[in-house]
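What follows is a pair of complexes built around subunit A, which joins subunit B in one and subunit C in the other.
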Partner chain A sequence: MHDANASRATETMAPLTASAILVNEVGLHARPSVKLTQSAKRFAAAIELALAPDGPWTDAKSPVKVMRVKAPKGATLHFRVTGADGEAALAAMLALVNDGFGEA
Partner chain B sequence: MSSPNSGNVGIVIVSHSSKIAEGAADMVRQMVGHAVPLAWTGGDVDGGLGTNVAGILEAIETAWSPAGVAILVDLGGAETNSEMAVEMLPEDRRARVVVCNAPVVEGAVIAATEASGGSSLAAVKRSAEEFYA
Partner chain C sequence: MAEIHLTGRAASPGLAIGPVTVLTNVVARRTAVGDPAQEAAALRAAIEAATDEIAGLIRTVQGEAAEILEFQVAMLGDDALAEGAYDAISVGVAADHAWRSALDAEIAGYRAADDEYFRGRAADLVDIRDRVLAHLGGADAVATIAAGSIVAGDDISPSVFLAADWTGGGAIALAAGSPSSHVAMLARARGAPMVVGLGPLDWNERPPALALVDGDTGTVIFDPAPETLHVFEQRIAAANVARAAAEAGRFDPALTADGRRIRVLINVAAPEDLAGLDPKICDGIGLVRTEFLFEASHGLPDEETQYAAYRRILEWAGQKPVTIRTLDAGGDKPILGLTVDGESNPFLGLRGIRLSLGQPDVFRVQLRALLRAAVHGSLKVMLPMVAIPAEFDRAAAMLDAEFAALTAQGVASARPPLGIMVEVPAAALRAEDFDAAFYSIGSNDLTQYTMAAARDIGAVADLNDTGNPAVLELIARTVESANKRGVEVSLCGDAAAETRLIKPLLATGLRTLSVAPVAVARLKAAIATVRE
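Now for the complex of A and B:
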């Protein structure tokens, strides 16, 4: 899709990181995972998430991998974003989590 | 059952049970939304449990997209009848329809999620099949 551009950006830019606490009841289960991956796919930036600040990192654009994280309510979700539109991507991820994926 | 046209890969759900097929489609619509063409079929021609090639062909037609169609199936006959339906498609469409090796409900949701982001047919299939990876 946009892999060539994304990887070029990866080489030249330092990753942006931020974290947010999962506030919705079910945590990062099926429906929130779908919303998160759908949102992540709108950006060219590489977007990864983890339960700890040092990883292990999971591709936020993969619905299966995001669901496998099984992050519960109250968990801190760390994001690591690299790419030209990384700032907007990070803001979108944090907004989704802080908003409880619209279902808190 | 169907959706407005879009350039995204279409999803077809084939189960022996029309209730399972319809329920899985409901989950896709509610969780993923309406950005992907979607159709389902289930049951034999008499309305019993089973699958039928004509129903599958109709579902492929309903969910057709120039980007292709990914089919999610449950057991045995659903897969063989789906493969038969694909073989009966016009030649120019045949290569753009794939049967995914994935659980029908989870696979449908994941495939649709992948498709809703504009991913290719190969990426949609790969993502659905990650469940067994």
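Now for the complex of A and C:
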């Protein structure tokens, strides 16, 4: 259900990007938003999400901002992650989405 | 102690008996201290207090209700929510105003969402807003409500409602409130009877012990006499039997006892009203109020927002007809920046079509959104508070002009039939003079203008009777005009939800009635008893 072709542009702090499709019934709604932001906040890396590969980017640690995206079921969520624990953060984000936040 | 009878508006059907829990006024008036630093600190403290309160509430509930509250905690814990409020405070706006404006803007964003689920979250934001406002006002923590009690107060917020256990009975009796509030929706969903608009609940410091709530007729009796109580208990038993029968028939077409088909439409005050509702229960939507789009305090809704809302409602209805009423602001529905403040008698002032024609730039936006939405279903557009044909003609000319402009620009649109709401006696008396494509009788206003008695003024509420022969005659005259001109006529208003009025209303020749979704099953059951 996803194209988790995470790519690393350069060796330093260049952002990691990847995308996954929202499979849970009502999209990125209240409960998934809370789960996603709670998970994101466990990482030091800056984590952003968007509905298009070129943004606009939204802070994945802010439930208020994530809810404003109003991402519906079937939407492709693009992630952009920058920071030391970026790879783990990106993996956690993709796992949550691909898993349908445990409610698909 | 003498029993107290109060009449308000039915917001959630059903009958209930229980001990009274009085809610104190939650939102008190607040005086700003004026200093931005202190105002910001006050807001921060209120947000923290609200968060603590909800966190405490979470421990007492489970499942969906707990998830709703967890979401509220997450939102409150996010600085992004209050960002706009702190910005406003830094330039001198009082904390409560700043918070209210910021949240209203956020709420408007949710209400404009394409997705039903996200629109539904507006209620949570309203709850968050009010809970923090309550703390800013220095009010006490939200009262706890014992299971099975009749909650009486000015108004009640969703979180107070959710904090109570409604599985063991109980009901709500409010001085203010609205049948289209989220609490009313929650109450209907949980089967808790609710009556709103009872007027001031003044007990001279001796609150009643027991109350009977009739959510079908919108009446409440405090401290009933033993005989009243006994009769009420018998009604509850009978109602339980009748409700089971009515619910079974709500998907069937409405037929009178002698087999005449009556079309039953629904009234919609906001898109949320349609959530979880099966279109099969009705023959269409007889009235969509558009005031909900104009509630947010941040400017007027743009064309796209309106178009999206109208389109969603039309898509819900499929091929069934949908009548959308243009903005009916004024009277008891003030809208910031649009209606006139301080009119000596707002009900006889600049409201409805009068206001729209006086604000052509605002009106044109709505007409364009309606013309564009019309391609998505069977739309009819209705003008409120029309008194003379010239008002209709001017609005029709504006609709035609906007249609021509959209067509010239190649924008998909269709010119919907334009009709009038018959609620001013002048329009009822001379309905045939209007070039309207249909008439929709607004029984609430027609009654109050004919009887010169407002229903929210208790002392004259008994005069406010749609069953009065004068009102029925105006309705019959409108039906006659419709038949003469070969156009459709329907009635939307609370009268159609009053079982005792169904027979006299059908006797006027009416064949189409529009009621709140919650009243559909009851209306169909009432129609089935009528023999003409």
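Here is the rule we use: the second predicted complex is superposed on the first by the 92 of 104 C-alpha atoms of A that agree within 3 Å, B and C clash if a C-alpha of one lies under 4 Å from a C-alpha of the other, contacts with A are read in each partner's own complex, and residues count from 1 in each chain.
In this text, contacts are C-beta pairs under 8 Å (C-beta built on N, C-alpha and C of every residue); 3 or more make two chains touch, one makes a residue touch a chain.
Computed from a predicted structure; not experimentally measured.
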Applying the document's definition of touch, where does A:S62 land relative to subunit B and subunit C: first, second, both, or neither?
both
After superposition on the shared chain, which partner residues are touched by A:R42: those of subunit B (first), subunit C (second), both, or neither?
first
So, does A:G27 touch the first partner subunit B, the second partner subunit C, both, or neither?
second
With both structures superposed, pick whichever of subunit B and subunit C touches the larger number of subunit A residues.
C
Look at A:K70 in the shared chain and tell me whether it touches subunit B only, subunit C only, both, or neither; answer first, second, both or neither.
second
Overlap of the subunit B and subunit C footprints on subunit A, residue-wise?
30-31, 34, 37-38, 62-65
The residues of subunit A that touch subunit C in their complex are 26-27, 29-31, 33-34, 37-38, 59, 62-65, 67-68, 70, 72
Quick check on the complex: what are the subunit A residues that touch subunit B?
1, 30-31, 34, 37-38, 41-42, 61-65
Subunit C contacts subunit A in the complex at 67-68, 70-71, 74-75, 77-81, 106, 109-110, 113-115, 117-118, 121, 124
Can you list the subunit B residues touching subunit A in their complex?
31-33, 109-110, 113-114, 116-120, 127, 130-131
